[in-house]
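Each of the two complexes below includes chain A, the first together with chain B, the second together with chain C.
So, the complex of A and B:
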């Protein structure tokens, strides 16, 4: 779907986030010439429309009837709780605000067609976009590399604020001080699982079951007999592969197993799709490219594990931003893709397009979702399709405020809640101590969880963790690990007296072995 | 965090035990002012003295070692003195001599009829083809031209024999370039005055390196040798890959761009894209994870086994002369299979041999046609008992996952380019000292050179000739008597815990 069309009557409120006032005459004339050659709302409309997006960006917001109402808009079906929806909107607002301020500051349009010369240049430089050489792919634009790097940063870690401010108006918080009440920052009565429930759910991680990441060096596979992995890969059984992944994938077979679990094929049509996206990147320049460029430069390029994959990250992320197939996930995501309208047609749905084309505005640290996958796939099209699948299945939930994610699907809110509950049940003393000194555990753990630990753990350990995300089809394990890390460092944490020193104790996670931590936390602790 | 704490505790203990023996503190000197060295000496409570005083431990540059062992200025080292180089380490660490010794070693093995020197139908060594085709210049000029004409499109790399850190290196792909160089160096009064003629090696350039993220890299791995006869060497687990900052291209138009071709940090540091956070360094464990994930576990293990093989063979090339081998071979009939089995885990043996066969791509008969020095019964390396040496091995992996030995450095850089680099090099020196000066005591050059396994730190035994031979004899006895490890093995084991395997696995 290229255009999100809503019922105009339901469209009661629409506020313009930002108007681009400094539109050069050049852009105008370009705009008009393209306008008249527009093929009317065909599927290829999107690319022709891109130049117009520079005019203004609006976000549609609605206050609408109850979910049960037949005229209920899709967001309501997706997220029935009004206060959650509100939080989601605030969240999106922050992202858009940052994008808009960047637009203003740089004085660049949201999207524009690249001149032929620049297209050719970019084609040649496709494999080395990270190289800052004279004549690099952005040189012919008004944005020089310095300005790209100076773009205002949008950092997701500040977004714990949005979550912390989540309060259910109907929820009675008068029992605030009692021992049974929840001491954490997240004050939402979402359902979460306790340890016995978790033990049942994660039975494959129990002490008697063989785990890759713990028992790697034992020759006999301990516990339950596991299928011979190669057989599994041959028989192409996605469900079996998923079950297998719960105990960890062997390094040499992980790439195939993950692709199998995610049903990510590398058929000629997948390769072609990737090539089309690549062509899209070459033809049009998007403002969000600056965000991508900046994010990679600030995160992966400086990372001991991932810097070698810098160029792969540009390729994958630039293509991702133009992939309208990603939009499908908004049907089950409570978020609303940002839209922009042609000037003068604000709120008129026929003139609305999703911006950026995939509806996902990258934030600081976004590239860390891709980076670990570069260890598994050295073919860009394969890497791309696995990443996209990972995003629409799991990672989008980390930037989505949504109450639905309770059992099998976990959004960031329930992860935060789960983390706090686990910690409070397991280590009430530690929780209380940290809370008293002003080091709320979530303030530290939020950044780990929002990146699913990417960039914090060593890559081998991270992949073992992600094995379990895929195996259990849930991000919940991320919250368990976050709590387990606190438990592991509990002794040191009990001695600290400030947030800064607590952060220092938990600064380096690269030496941790994730599976022993999770196993001990879930199964070897008396509750 | 946790690990650091444990380390601190150990340091305190070391200090306390040393405190009781103040008079017997090690007196150290160094002419390399690097914090990773000095911090390690100070941590052990050793005392710094000057070169002219009585010293026990001298970490010196290669220039100084020349003076220590020179006929004119040299002096006798006492039993309580230890230095970090072998007197003629340059047999291994100078580019031209390393090649010369490896060529000679291969010839020797061939003359002995050793299966290690086996060749394929094209005349390539199956197991000893691990250095790129190389010639000395100007000495082997004619041989080079002959080889060049066979494959005129190939690229060659010129390196001055005595220089390091990528200095004086350039690439050529036309004979005219070498002719021009030859003319220039002949007329250059500077070169003529200083050393007669500066010696160069010219090697076939590995123009199909394995690329990761589109970039070229090489491996820097550390190997510690405590004695050459018997050969005892250790491999450091924490090596790293050094990446070029610029995309690799085999295109001849970029032959002059050293940022594309040379991985030396000394070169790359000056590039616009050099990153000071990671310094273009990627750990070997990252490389292993990447290769196992993308290419499979089996080929990755094979690659690392081949790297270990290269290291041991290069050390053997300078450790012994051919005659010693002949004697050994006669005494132990199972010598060759035994060595192979010791160097490769059983399960991987056949694979390794197969790969070695299939991966030998480069034509090496040019190498073997170079005149080899006359055979002598004198071993190459002077196995001075006061010496140990920590080498920096440079290895390039090609896109067929075959490793190539590029060179061996006697003084691998102890400069720390990043925070992680500092930790690595500090630990390297720490682990080295733990092996060569057990317990931080005053060195005794008659020490048994058999550190306990727990003292190895991040080192692992690469090859222990003593142990390998004793295991051979054991295996020999076993196979002859046709019994499994019976009373003999038990009797041996009775004296203490059974020694760990003599190899790295």
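So, the complex of A and C:
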């Protein structure tokens, strides 16, 4: 990228500044010193150049470091609490260990180039990968049917175990019952909000405000709503679309509104990027592809709503694994992308490469993040770019141990804690009863929250919930819904006597209407 | 943020507790940390930086040495909040800085700093601050690489040796009178020539009839001045005279 700056005070000639992808500090200081050495430079030129120079600096940094104290190391900016960082590191080590052991036991390389015949076949079958055996495109036919792959690298129960075992070494967690004792499983004293604070924060969801998901069922003609919406889509105002989304999006315009909120475009360069990723899938086969195949077969294909989208899921997830643009989100994600070394050069940094290329190891249930989006977008490149944006903004927080609420988006630890606190404060009898019978509420609600309810609610209700996630730019509403579901089924739950019967009461959420539940819980609870 | 720090000794933490420390079972909620400089050294503090470890509020007191040598304790920061909610983790392990501008009094000639830490919540087993560093004020002539011409443009108010020139204040008063005169001239314009004004000790100001005011700085006020000074040449006082369309004034340097 060339930036030509002309001297406004008729300095002879003009000088050209080349802007490279990563402008190093050395280059920047060179520019400065060259400016100062020019003889007839006046103060006005310096002032006029300053915005150009600052533009130079901002353009060159692809992802800004988080604002923090100058003495703070970068990992502190992403996650200030030392014990959480430690827990995250240990968790990652365990996952990598299991992936490595899978690799060595099965004798399969982490990545291999596909033979030409296979590449051709895969290109022809790109749109119908779901019809084939999952092991067809992997290096060994037996891999996907291998028993060891039946327990994926990490599973939901493993995640919850890590969170439950989080302890602050400086926290006084004595066993005596006291006013501040927390009955739940998460024993980390993070900040949470109570209902009066949430009433203020979620004022657009109040009982007196119209909501899509409730009021559109009364057969009132859309009229004004639709007009506002099309106007938004026309004006391309992302912030206005986000504000609008808080009250729900009309089904026909949801796809455009979400793309607008997420700043996700489908320009030719995005399509080209997707095609490049697709070419990457065809040329190389990664070990993590097996995890994706297995996950899709076990979860999305068995779901009544999503089994039709199996092909789309493969097309999106396989490309997602190879997208190095996702690595940018590690500047604010406290997780570290796993590294792998070229054979024979273990430990040598020059031969280190991030594996998988996007730094994210898929886990059981990962495909459920993509599945609901398939209802909105039928073009793979568009679907891909929306999913990628949603992952780097929201979903990554559901799979990492972090305490920092940046821009009010909460991580899974805060969500679990928020859920338990809401339940303990407003349904103490229910919580106590469930605790007594050995059915801690978090054990049931965790799987809902970690998937943002995907696969548990019916799709139209799920999309209404995700409207609010986008509208409020936060996953907190997921914890509120989990507590609201418990509140709704409280009577039945008070009568159960074991964990299995509690799970049976809460097994089927597909008949629930999301918005009335949230509204009643937030605005009709007596406090 | 400056990287220089002053070498100092951090004394062990002292607990402030009511009652007997040994027999009392509850944990203390106030700690005091003293940070002392080597004997005889004083510092003008620019910044105090530290890493928090579950301290909710911090107050800072300074032992200042005034001109006569007597030392006095003064409070420069009162109950500065490090954790917005003492029971929860927010801000508990953050890196913090207290800057000169935040302090209630000027932290100059300081020999000792006392940090008073408070943690009212009983949720925490321990609390303190770590890695305390005191950053001194940087001097004007530091190693920053400012080119000469940049400092030329900044007007430094120096009481320099006048070398026989009159006091700027008196000159500006008489110039004011001259300005009033020009105002009068403007209102009563005649074709008669004005004559020459002869003002002693005022640098040359050439004023043209056309649009722009073109001001040349006097080349030299006194050659001796330039030679005796080190560093950049400081331009002495020069005076603007507002321009009027039909009147031109020429003054000459004595």
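FYI, the second predicted complex is superposed on the first by the 406 of 527 C-alpha atoms of A that agree within 3 Å, B and C clash if a C-alpha of one lies under 4 Å from a C-alpha of the other, contacts with A are read in each partner's own complex, and residues count from 1 in each chain.
Keep this in mind: a contact is a pair of C-beta atoms (placed from the backbone, for glycine too) under 8 Å apart; a residue touches a chain by one contact, two chains touch by 3 or more.
Just so it is clear, the model here is predicted, and its values are computed rather than measured.
*Asks:* Once chain A of both complexes is superposed, is A:454 in touch with chain B (first), chain C (second), both, or neither?
*Replies:* A:454: touches no partner chain.
*Asks:* Which holds for A:312: it touches chain B only (first), chain C only (second), both, or neither?
*Replies:* The answer is first: A:312 touches chain B but not chain C.
*Asks:* Per the contact definition in the header, classify A:290: touching chain B only (first), chain C only (second), both, or neither.
*Replies:* neither
*Asks:* Where does A:252 make contact in the superposed view: on chain B (first), on chain C (second), on both, or on neither?
*Replies:* Only chain B; A:252 stays clear of chain C.
*Asks:* Classify the contacts of A:440 with the two partner chains as first (chain B alone), second (chain C alone), both, or neither.
*Replies:* A:440: touches no partner chain.
*Asks:* Does chain A have more residues touched by chain B or by chain C?
*Replies:* Between chain B and chain C, the winner on chain A residue contacts is B.
*Asks:* Please indicate which partner A:377 is in contact with in the superposed arrangement: first for chain B, second for chain C, both, or neither.
*Replies:* Once the two structures are laid over each other on A, A:377 reaches chain B alone.
*Asks:* Taking the complex as given, what residues does chain A use to touch chain C?
*Replies:* 36, 43, 68-72, 76, 80-82, 168, 170-172, 180, 188-192, 403
*Asks:* Going by the contact rule at the top, pick out the chain A residues touching chain B in the complex.
*Replies:* By the definition above, chain A touches chain B via 127-128, 130-133, 250-252, 254-255, 301-305, 307-312, 374-378, 459-460, 463, 489, 492, 505, 507-508, 511.
*Asks:* What residues of chain C sit close enough to touch chain A in their complex?
*Replies:* 1, 49, 51, 53-54, 85, 87-90, 92-97, 122-127, 131, 147, 153
*Asks:* Applying the document's contact rule, which stretches of chain B touch chain A when the two form their complex?
*Replies:* My answer: residues 1-3, 212-215, 217, 243, 245-247, 272-273, 275, 277-278, 280-283, 285-286, 289-290, 292-294, 296-298, 300, 420.
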